[in-house]
Every structure is written in structure tokens, then in C-alpha cells.
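Look for chain A in each of the two complexes below; its partner is chain B in the first and chain C in the second.
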Partner chain A sequence: MMKKKRIVAMLTAAAIAVSLTGCGTSASDGTSAASGGGNQGESGTADENTLTVWCWDPAFNIRAIETAGKLYQKDHPDFNLQIIETPWEDVQTKLTTAATSGNLDTLPDILLMQDNAFQKNVISYPDAFLDLSSSGIDFSEFSQAKVAYSTVDGKNYGVPFDNGAVIAAYRTDILEMAGYTIEDFTDITWSEYLEKGRVVLEKTGLPLLTCKGNESDVAAMMLQSAGASFFDENGEPDMADNEALKEVVSTYAELVKAGVMVEVNDWDQYIGSMTNGSVAGTINGCWIMASIQTAEDQAGKWEITNIPRLDNVPGATNYSNNGGSSWAITTNCKNKELAQDFMAETFAGSTELYEEILPATGALTCYLPAADSPVYSEPQKFYNGQSVFTLITDYAAQTPGNHTGVYYYEAKDAIAVAITNVVAGGDPDRELKNAEDTVNFVMGK
Partner chain B sequence: MNGKGKRMTLEKRHSLTGWGFLTPAVVLIVVMNFIPMLRALLLSFQAGVGNRMSFAGLYNYIRMFQDAVFLRSLANNFIYLLIQVPIMLVLALVLASLLNHKDLRLKGVFRTAIFLPCATSLVSYAIIFRSLFAVDGFINTVLVRLHILDTGYNFLGHAFSARIVIILALIWRWTGYNMVFYLSGLQNIEYSVYEAAKIDGATPFQSFWKITVPLLKPTILLTAIMSTNGTLQLFDESVNLTNGGPANATITMSHYIYNMSFKYVPNFGYAAAMSYLILFLVAALAFIQMKVGDKRD
Partner chain C sequence: MIKRKKVWQYGFLILASVFSVFPLYWMAVSATNRSAEVIGGRMLPGGYLLENIKNLLAAQNVGRGMFNSLKYSVILTLISLVICSLAGYGFEIYHDRMKDSVMSLLLLAMMVPFAATMIPLYQMFSGFHLLNTTLGFILPTLSTPFLIMMFRQSARSFPHDILEAARLEGLNELQIFFRMFVPTMRSTYAAAMTITFMNAWNSYLWPKVIMQDTSSMTMPMLVANLTEGYVTDYGMLMLAVLLCTIPTIVIFFILQKSFAEGITGAVK
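What follows is the complex of A and B.
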């Protein structure tokens, strides 16, 4: 009897463990299932003249593609767009789920993809994306550094959308209290930035810069401004012996230690620090302007300029890139001609589209013919009458290229760990070596 | 003869009815749970990127013990397990016996208040804790106003304090849940037992330790196994509260598995292998707890 009881107990234990783990495992890999569920109406649409699109920012890319849809409707009255707001993380999760399960029919006709994830996704799921090389889209009309993000093995898979040229935006009223103007922050080095930042901090009590901690966006921007990368041209991690990266990490740590840069924990706090006036400036991709501009009470107080350059690295510039995205057409698209023609006539062929979306969204084009449009040189009231878009187009043209590689996100996370440890007092050489080992490990070496 | 035959049919019919009721649930569990688990097991023996997988034997299982980040996440899980689970269970037990007191008024209100955190969404409570502990958040504002701190402390930016915040969050979220189990267990203990103990001169602490705890043992065992299981699979808090940071100090195994599958270059074979390690750990720990906790024979 007792023996039987014990067996029953053991079986129950095993059953509990198995069933609960079952739930949990499916919950961990199954975040996809949760967010990827409810696929009704999201799949490539049956209606011949309707295209389904996934993109994520109502103030930015959603608005842009809506405008494109309206323009295209003028010549094609039957045309319809069905836009489904999908945060980038969800786009990635749903894409992964669809491609690995072989259910490509859950994908939309068109989706917007982060440039940094483009190579990874096309190489992992070559069947999911339409090769656009012979689609009639003229890729030579885009800036080539940008097209390179979405080119795999010489084939074009993406139509470039927005540019991530980095700007430094400052609150001129705060700089003034410390006795500076925007010119004092133009064409400077990071050591000058640090020195002036100390003065600003002392006189106003405000840091010059906030950034999201536990992330390496700022470091990645600094690194690319000198034309350096986390990877070498063969896609091998290049961190431990990367002089530019070493200087980036030590500069970053100094900025944090001096209090000139403050790390916050999440995106809301980061945006909040700018809009509620607890920081004197910011450095990020020019898409950040859409968020800065939400603080309407600060209109006329912001101005933009280029970013500081690294002090001792050969080839250091005051220009960099962060973010940016491109449109991809999936193989699930039922009406591929329509999708390609839509792209060719709007994002890859309409100066009018870019003229319309620019002032509203700040979506800076990579479509070169549009950059000559007079809209670009219009002074912007929010930025104290600066012709910001001419400036940014100029920054974009001077930005050095870099090698993102397939393992870009792994590298960024590994560097974020290294930076956090260096800021906390770790040895930079050892931390960078660890980061390189981590990435090498993930790459299976 | 005839009668015997009829009884057989009746038995058969009963058993058929039984199976009829069971079938839908069995089919669902097999299709939704066991088949995916089996597929995941097969997947864990494959290696490769995205859809291009090939058989690799035990490669993934050997690999995870060389993976510094995974070992870090494993250690984090055990830190949470060893610190948070005991605190939470003791707290739940104490609260349950306080709230079970027969003279206590407004029992319902207190019980609801303590159970309420369980009804909140995992994501929203994690986000609320994140903003509470922000540099300019509520906790820091209070500490600065009380002159305990000069400036806000970045709780989530330091490894030690970030872990404490996660543990606090977990205690807040799950104590009430375990308390409900204890409360229902306490309903089965006759009040006369306590009265008898009182007459014999037992202090409240003695009657708690000598009566409540032993009689609740099966329930305590159940909650211990469930909490162990839940803690080893911790995901939402790591993702939403700290995003695994600073420097992977709070990342959990499930969070790393998620990154491996969806954030990084997808490596599902490796992710499945790590999931199976969690399964193994949960099963092993549950078995040990059963052995230690259940001494009925």
C-alpha cells in the first residue's frame, strides 16, 4: 500500500513537472504564439488590389506609407492599403514564426524591416523575401551605403525608406545659461564635448546627454563616425584589438563618470528627459526629431548640429548613422506586380511623396532625386529657423559606411555588457576581449 | 447468462462514456502539448541557422555549458530561487495564518487586497515597478525628500539593486497567490486543535510551528514545487523590468532562450536544448522536494 502511494506520488510529481514545464516552455518560445496569434486578416490579402503592410510608428513610417498609398490611388483608383500597426519586435517574432513553421501565408504583402536585421533575416529565411533586382526599381537612385543593408549576394531585397543620419540636438536656451551657443558644439571632439559638458552641468545642473543604459546605441554611433565597426570586412568580430572601439568605450565611461551623460533605464524615461527639460541635448538618428517635436512648448529652443568626433582615431568624422529601415516584399504577396509597381512609383520614384512626408515626419529620404527638392531647404520653426533637412542631408552624405554583419544584435548586446562593466570600473581590455569571445561563441566558433 | 451479458455491456458502456468525456481533453493535450514537446526534443538535437538545420547529436547540450551568458542566466535563476521562494512562502504562510484568525474582522477585504496583485498582468506590473524604481521615480523621490539620499539612485542600473528590485516585484506579485493555497489548507484544520493547544499552554508561535506547519505540509510542498517551477521559467520580469541588465546581471534562462530564438540570428536547436535543461531541472528539483517533504511512509 505504502509503496503504491509512493509510486503515485512520484508519478504526480513527474506529471506536475512535465505539465507545468510544458506550459512554460511554450510560453517562452511561444511569445510568438501570443503576439503572433490573431492572424485573421493579417495574411496576404485575397483582394487583388489591396496590399497589406506591417510597420510600426504612427507618427513616422505609418504616416509615410499612408501618404504613399494616397498618391498611388490617384492613378490607380481601385488600389487599397491595409496597414497593420506592428511594433518592430513583433514583426521580427511573427516573421521568425512564419518562416520556421513554413506558414508564410501569415505574412503581409509588404513589411518594413530594420536595416540592421535585414541581412540576418534574408540569410536565415531566403524563401520569405522577393528578389527585387529585376523589379524595375532603379536602385542606383538611392545612396549606395543604404542599399547595401538590404543587398544579399548581389540581389536587392529591400526598397530603402528612411535614413538614420545622426544629429546632435541641443536646447540653445540651456546652453546659453552656460555661456555657449550651438557653434561651440559644432565640429568638436569628444574631449571638448566633455569639457563643455562639465561647465553646463556646473552652471545649470543638467547633463548634456541622456541615453538608454544597458544598450550600446551611443557607442555604436561613436564607432561608426570613425568608419569603424564591430566586425571586419569578412564578418569576423573585431573588438579586442579594435583601437577605435577602445577609445569609444573609455570616452563613454568618462562621460558617465563625469555626469555629462546620464543613463536611464527605458525608452519612456529617455524621451521624457528631453521633453520635460531635464537634459540639455541629445544625440541620435534624425528620426528622434519626431519625438523631440512632441514638446511643442519648446519650439524655437532646439537647434541641431553634427556630433562630436573621436579624438585620436584616424579617419574620425563628425557624422554617423543609427537606425533606418527598408521595405521588403514577401513571397506571400499574391499580386507581386502591384506591390513592385507601388514601390517603384512611390518610395522609389516620387519626389512628391518625400516632399509631403518630410515636414510631417522628418523621414529623411535616401532617394537622391528628392534631396534636391526645395522643401528640404525650408527653414523649420521648431529648430529656430534652421534648415535642418539640408543640414541632415549633408550629414548623411558624409557618413562613413560600416560592416554590420549578420550577427549585429549579438555584437551590440555583448558591447553593452562590456560598457556597463567598464563604467562600473572594469578593465576595458578584458571586457572587450570577453565581448569578442561572446560573439565568437554565438557564431559557433 | 443473459443477465451477466447485460452487466458487461453496462460496464462497457460506462467505460466508453468515461473515455468519451476524456477524449477531447486527451486529444487537446497530446496535440497542443506533447507533440510540440516531442518536436522540441528532436529539434534540440539539431544545429544550424533559421530553417537550415541538420542533425548534430548532443552538440547543443554540450555547448550550453560553455556558454558564459547561459551560465550567468542559470546562476541568476538560482539566485532568485534560493532567495525569493523561501521569503515568499514564509510570508504567505504567516499572512495566511493571520488572516485565518477567527476573530479578525474584514477578512474578505484583506484577503482580496493581498490576492489582487495576482490578477494584474505580468507586463503591466513589471512596467509599473520599472517606473517606481526609475532614477526620477516614486521611490527615489521619496528617499530624496526624506533626505536619505542626495540624488536619485539608479536601482536598475546596478547589478545588486536590480536583482533586489526583481525579487521585491516577485514577492509582491506572487505572495497572495500562495497565500490562497495555504488559506484553503487551513480550512481543513479543526479550530478545536488550536483550542486544545491553548489550554495546554502553547504560545501562538508554538501552535503555528507545531500545528499549522505540519498539518499544512502537503500544501507547502505543492507551493514549493510550483514556485520552483515558476522561478526557473521566469521571463516577463527579466524582459520588461530590467531587460536582463545591467550587463546580464538579471537575465533569466527563458529570456536568453527568447533572445536566441527571436532577437539574434535564430538558433532554434540550441534554444530547444536549453528549454529541455529547464525541464530537467524542474523535474529533478520537484523530485527532490517530494523526497524531502513527503515523509508519510
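What follows is the complex of A and C.
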């Protein structure tokens, strides 16, 4: 009896041990089969002709790079892409962990990076990214505001991809009720915008603009439209005595006080305000169009134009940028020539690629030669027959660049707090001073 | 009089349960609606479930994610229960001053947040070639101070008479553990199992750092993939979240009774 039980116990233990090792090996087997045996601490793939890519959004970025891969395969039949779907937050976490722990060899060959985080990551982990300045990629063919995001000390580290040019989109049927057309909102200043917004509010009961409260996206867009930033050229915080920023904050507060702009609590409400028809327009990166277009019943009612400019700031324009992303090649890449050539022949050299991905994804090019393609000038039904893609690439070309630096996100957070306080009646000068102090504190000064 | 009091009690409890059950209801209902309807706040079941299932299966490898999550969680739970219960039992039954101070050290380790140990852990695991492996997933949480403490607490209520009697009967120490302690502590095991399984199933930060391969991703990572993008399909997202919740709900309902007992103490 005793013996039997002992045997059973031993068998169970053995079974657990076997299943454990079994799973261990099967997992790593799966890994090697999928990525060409390259993942055991050397994510850059062993197979000479395969490039590993981290990026997110199957409907957008992943579709785009898959298309690029297929195009490249035509001339290079051995070429392969290994795409690992990784949300942006995770790309950042994995990058930080790998770089901080000194295990750069776990990075992929290519990764997609949010433009606002690009300089931060290159400055923080200078060994992780490949300098592409002499890679044969012609950066002058991209919109310069975009290139500036991935440029550090005059060196190019990124291939611009996802366009973040800012648009103002309006419901023309609502504007009409107040007696306006889209032309009345083109090439205007913020004070004109406010004035017309009051009329729209009075006649229709709807605000012109919604935005997510406690977030400073709108303010950052206004600021960049004048080529200004939260930082000076040396990366020092520049907030308390920044005339452009002061005007941004007071304009923002006026818009909210007048009810022309309504702050909502979260992203879902923000999208909802547009798709439910409880707002007359929006101002955001052109990628917001994908969300607007989900309201199929509003087709033909939307039109887009450029954004208002700041009134009293020198260098103010009607163009800005919000979001977007660029491709980076890591130093861990085992076949750097291949990766550079792949980028040079697709994202930085193929009008055909952009023609193919535009209808499928709505991914707009920052590669200026592609904008002349007939696909771009095609009128869009949803936007009442406007050739929106030509318009937006034109906006992108006119957008002034600005300096994001290492602490851009921290600065944006600090400004969001300042704005909330100013809207609630705080003194703008004091709040901006506080924001600057906060950022200085984060920077360890 | 008593009746009126009951009415208040039940009224309060019903109100409280509405707050905790409603989000679950909304999740389940939203899985059957279109994305636009979810944003519009539709509360009734819709006819879009099949479409959502189709979209989800096309967008993500759900089968693989489920399989991976189950594999990692079950293996981790089983091994972790054996190790932690042995440790907790040992700390209590054979305790002396040295062991007590070791125990306090373990409890101190409980205070260290995972984020602080993550980077050195990553360095180690990358060096051992454990990225993308089951072993890499389970090792850091294989024995947790919390579980050891839980088993130690319940071993405290284990009657020493049983120990004496078993020793007189000629059982060796391991046999006492497996034949006397384990069956008596069934409900503690159930509670520990629920907690460990849930933690393993829901863990996100560590897997997201070490699982760099599409074929080794877990369910929570797939759900995160769905929220990333310029347009989120909320119907599909809710379906994925629902699928991701089901295993933990099932485990909890199976072990519900023992769970409550195990938390309050196994031996009556």
C-alpha cells in the first residue's frame, strides 16, 4: 500500500518535471521557428534576409509595412519581414528595459517610434539607434517639421512615416445654420474663431470644438503653429517668459469660458462628441479623420481646412503637427545595409507604396514627391468632394518644426495642469512659472 | 419590525451589487454590439456578436493567446502551490528563531515593488536565454512571500496532536505533510490557487517585457494590442476582454466556497 503511494507520488513529480521542461523547450522551439532562431537574447534575426519589426495598429502601421515588404520582395525575392505587433507603450517599456539593463541585443532590427518620444529616446540611449545621415536616404524629400522630430545634433535617426499634420474639420451643415461656410474658417486667427464660435453657439447651441480636459494637446498644437516650443534651442524649459505660450494659454482659457470649446473627460467621450453630432468641428492631427469617418451617416457633411493662427505672435502660421511616428533602425540590426536599403527604397523612395497604402489605411505620406500622385488628388465623398489628401500634404509642407527634447511629455503634463488652473481662474503668469519650476524639478535642477 | 430591517439590508445590498455587477453586464452586452453603439451607450444586447467574433479572430490569434495564458498560469499555479505550502509549513512546524528572522526578511521583500526589480531581472533572464519561454514567465513569481505567509498562518492552526500521532504511527515528515496537512488544508489550497491563478492570468508588465514574440503572447497582451490604433473597435475589444475574463470567473465560481473558508482559516 505504502509502496504504491510512493510510486504514484514519484510519478506525479516526474510528470510535473517533464511537463515543465517539455513546455520550456516547446516554447523556445516555437520561438525559433517563428523568428528564424534569433530570439534567444539576439532579437535581430539570424537569417540574413529577414528583418524583425516592432510596431502597432494592424489597420495602419502594420498594414503599411507589410505592403512595403511585399513591394521590396519584388526585387529581392529572399527578403522577409517578421512583424511583431507591439503597442507603443510596450515598445517604450521594452526599449527602456533593454537599454537600461544594457541588453541592446534583445531589440528588433526596426521599430516604430512616436515622434514626440524620438529625441528623448535617442538622447537617453545614444547607443541604441543607427545614425541614418549617410545611409543614402534623402531627407530633404520629407516635410521638414517631420524630419526635425527624429533629428538630434544634426544627425537623422528616423525615417518619417505617419503624418501628424493638423487639420480643422467642420460640420458644414451646422456652420450653415449659423450662416457660415468653410471659407469663413480658412486662414483665420483665433480671435476670429472665437467670435464666429460665439455666433455658432448662439444659433445652434453647439460648441465649435471639444477636447480632452487635463491634456494639453490643443495648446501644444497652437504653440507649434507659431514654431514655438516649451523648450529653447538648448533644451532648457522656456515657459514663464514665453510670449507665444502666454497667448496660447489665454486664448485657450477664453475659448473654454465662452463655451466655444468644451472639455470632456476621456478619449471615448471626445470621439463620441464628433460621431454623435454634439460638436460642430474638431482640431487635431489628420489621423483623427479615421475616427470621424466611422460616423457613416455624416458622410458629405464634413469638410476640412487649416487651423486658426495666434493673433499677436511673430511667425504665427495656420499649420501645426500633432502625433505621428517614424521608423528607427537599431544598432542591434545584423544586416544594416539591408535595413537601410529597405527603408530607402520603400518609405523614403517609393511613390507606389504610398499610393497603395493611402486607400487601404488612410496613412498619409510625409514623402513629398508622393503628394503629386493622382491618388492623392482624388475627391473624397465623405468630405463633400474635397481632395483632402492633397490639402493635408500641403499643410504638412508648411508646418514649422519645433524642438521636443527629452522632457517633452513632462512639459506637456505641467502645461495641462497650468491650463486647468488658469481656466478655473488662476493667474496665468504664476501658473506658467509653476509649470516651469515643475519641469526644472523633473530635470533635476 | 425585523422585516423592515431586512428590507433596508436587502435594498442596500442590491444597490451595492448593481455597482459591482453593472460593469460586467455592460462588458457582456457590448460584446454583442457595434463599436458605434457601444460609444453611444447602448445597454441592450445586439445582433453583432458573430461579426465581432469574426473580426477578433481575424485581428488576433486568440487561440494561441488563450493557450499560452492557460499554459503559463496552470504551470505557475501548480508549482507555486507545492513550493509555497512546503515553505509555509516548514516555517511554522519547525520554527526557531533563525527561521523567524528569515521569514521577516521574506516579508520585507513583499514591500519591494516589482518595477524596482524588473531591470536586474531582465538582465538576468536575458543572460540565461529565458526570454520568450515558460520558465521565464513563471520563475520570478514562483514563490511569493504572500503565499508562504498564508500557508504559514494556516499551518499555525494545524493541531500538533495530529503531528504527534502521525509520528507515533511511523510516518516520516514528508508523509505527514502530504497525507495529513494537505488534505486538512484543502480550502487554503483552494484560496491560494484562486489568488495565484488570477495573478498569473492577469499579469501584464513582466510578460510584456520578456515576451517579444508573436507566438508567445498572452491574452492581456492581445487585449492591449486591440486598444492601440487610431480607431478602436469597442465591440471587438469588449468581446476580447470578456473572453479574457471567463477563465478567472470559472475558477472563482468552482472554488468560491473553499475560497471564503480558506481566507478565514481552514481548521474549525
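In the analysis below, the second predicted complex is superposed on the first by the 396 of 445 C-alpha atoms of A that agree within 3 Å, B and C clash if a C-alpha of one lies under 4 Å from a C-alpha of the other, contacts with A are read in each partner's own complex, and residues count from 1 in each chain.
As a working rule, a contact is a pair of C-beta atoms (placed from the backbone, for glycine too) under 8 Å apart; a residue touches a chain by one contact, two chains touch by 3 or more.
Computed from a prediction, not measured in an experiment: that's the story for all the values here.
Asks: Quick check for you: in the superposed arrangement, does A:93 touch first (chain B), second (chain C), both or neither?
Replies: It touches chain B and chain C both.
Asks: A:407 in the overlay: touching chain B, chain C, both, or neither? Say first, second, both or neither.
Replies: The answer is first: A:407 touches chain B but not chain C.
Asks: Just chain B (first), just chain C (second), both, or neither: which does A:417 touch?
Replies: After superposition on chain A, A:417 lies in contact with chain B alone.
Asks: Is A:120 in contact with chain B, with chain C, with both, or with neither (first, second, both, neither)?
Replies: In the superposed model, A:120 contacts chain B only, not chain C.
Asks: Can you list the residues of chain A that touch chain B in one structure and chain C in the other?
Replies: The overlap between the chain B and chain C interfaces on chain A comprises residues 9, 16, 19-20, 24, 27-28, 31, 89, 93, 100, 268.
Asks: For a test of understanding, state which residues of chain B touch chain A in their complex under the given definition.
Replies: Chain B residues touching chain A: 33-34, 36-37, 40, 47, 49-52, 66-69, 130-131, 134-136, 154, 156-158, 225-226, 229-230, 232-233, 235, 242-248, 254, 257-259, 261-268, 271-272, 275, 278-279, 282-283, 286-287, 290, 294, 296-297.
Asks: Hey, which residues of chain A end up touching chain B in the complex?
Replies: 2, 5-6, 9-10, 13-14, 16-22, 24-29, 31-32, 89, 92-93, 96, 99-100, 120, 123-125, 127, 213-214, 262-266, 268-269, 278, 406-407, 409-410, 413, 416-417, 420-421, 424, 434, 437-438, 441-442, 444
Asks: Chain C touches which residues of chain A in the complex?
Replies: 9, 16, 19-20, 23-24, 27-28, 30-31, 33-35, 39-41, 43, 56-60, 83-90, 93-94, 97-98, 100-103, 105-106, 108, 268, 271-272, 275-276, 287-288, 290-291, 294-295
Asks: With touch defined as at the start, can you tell me which chain C residues reach chain A in the complex?
Replies: It is residues 35-36, 39-40, 59, 71, 75, 78-79, 118-120, 122-123, 126-127, 129, 131-135, 178, 205, 208-209, 212-216, 221, 224-225, 227-231, 234 of chain C that touch chain A.
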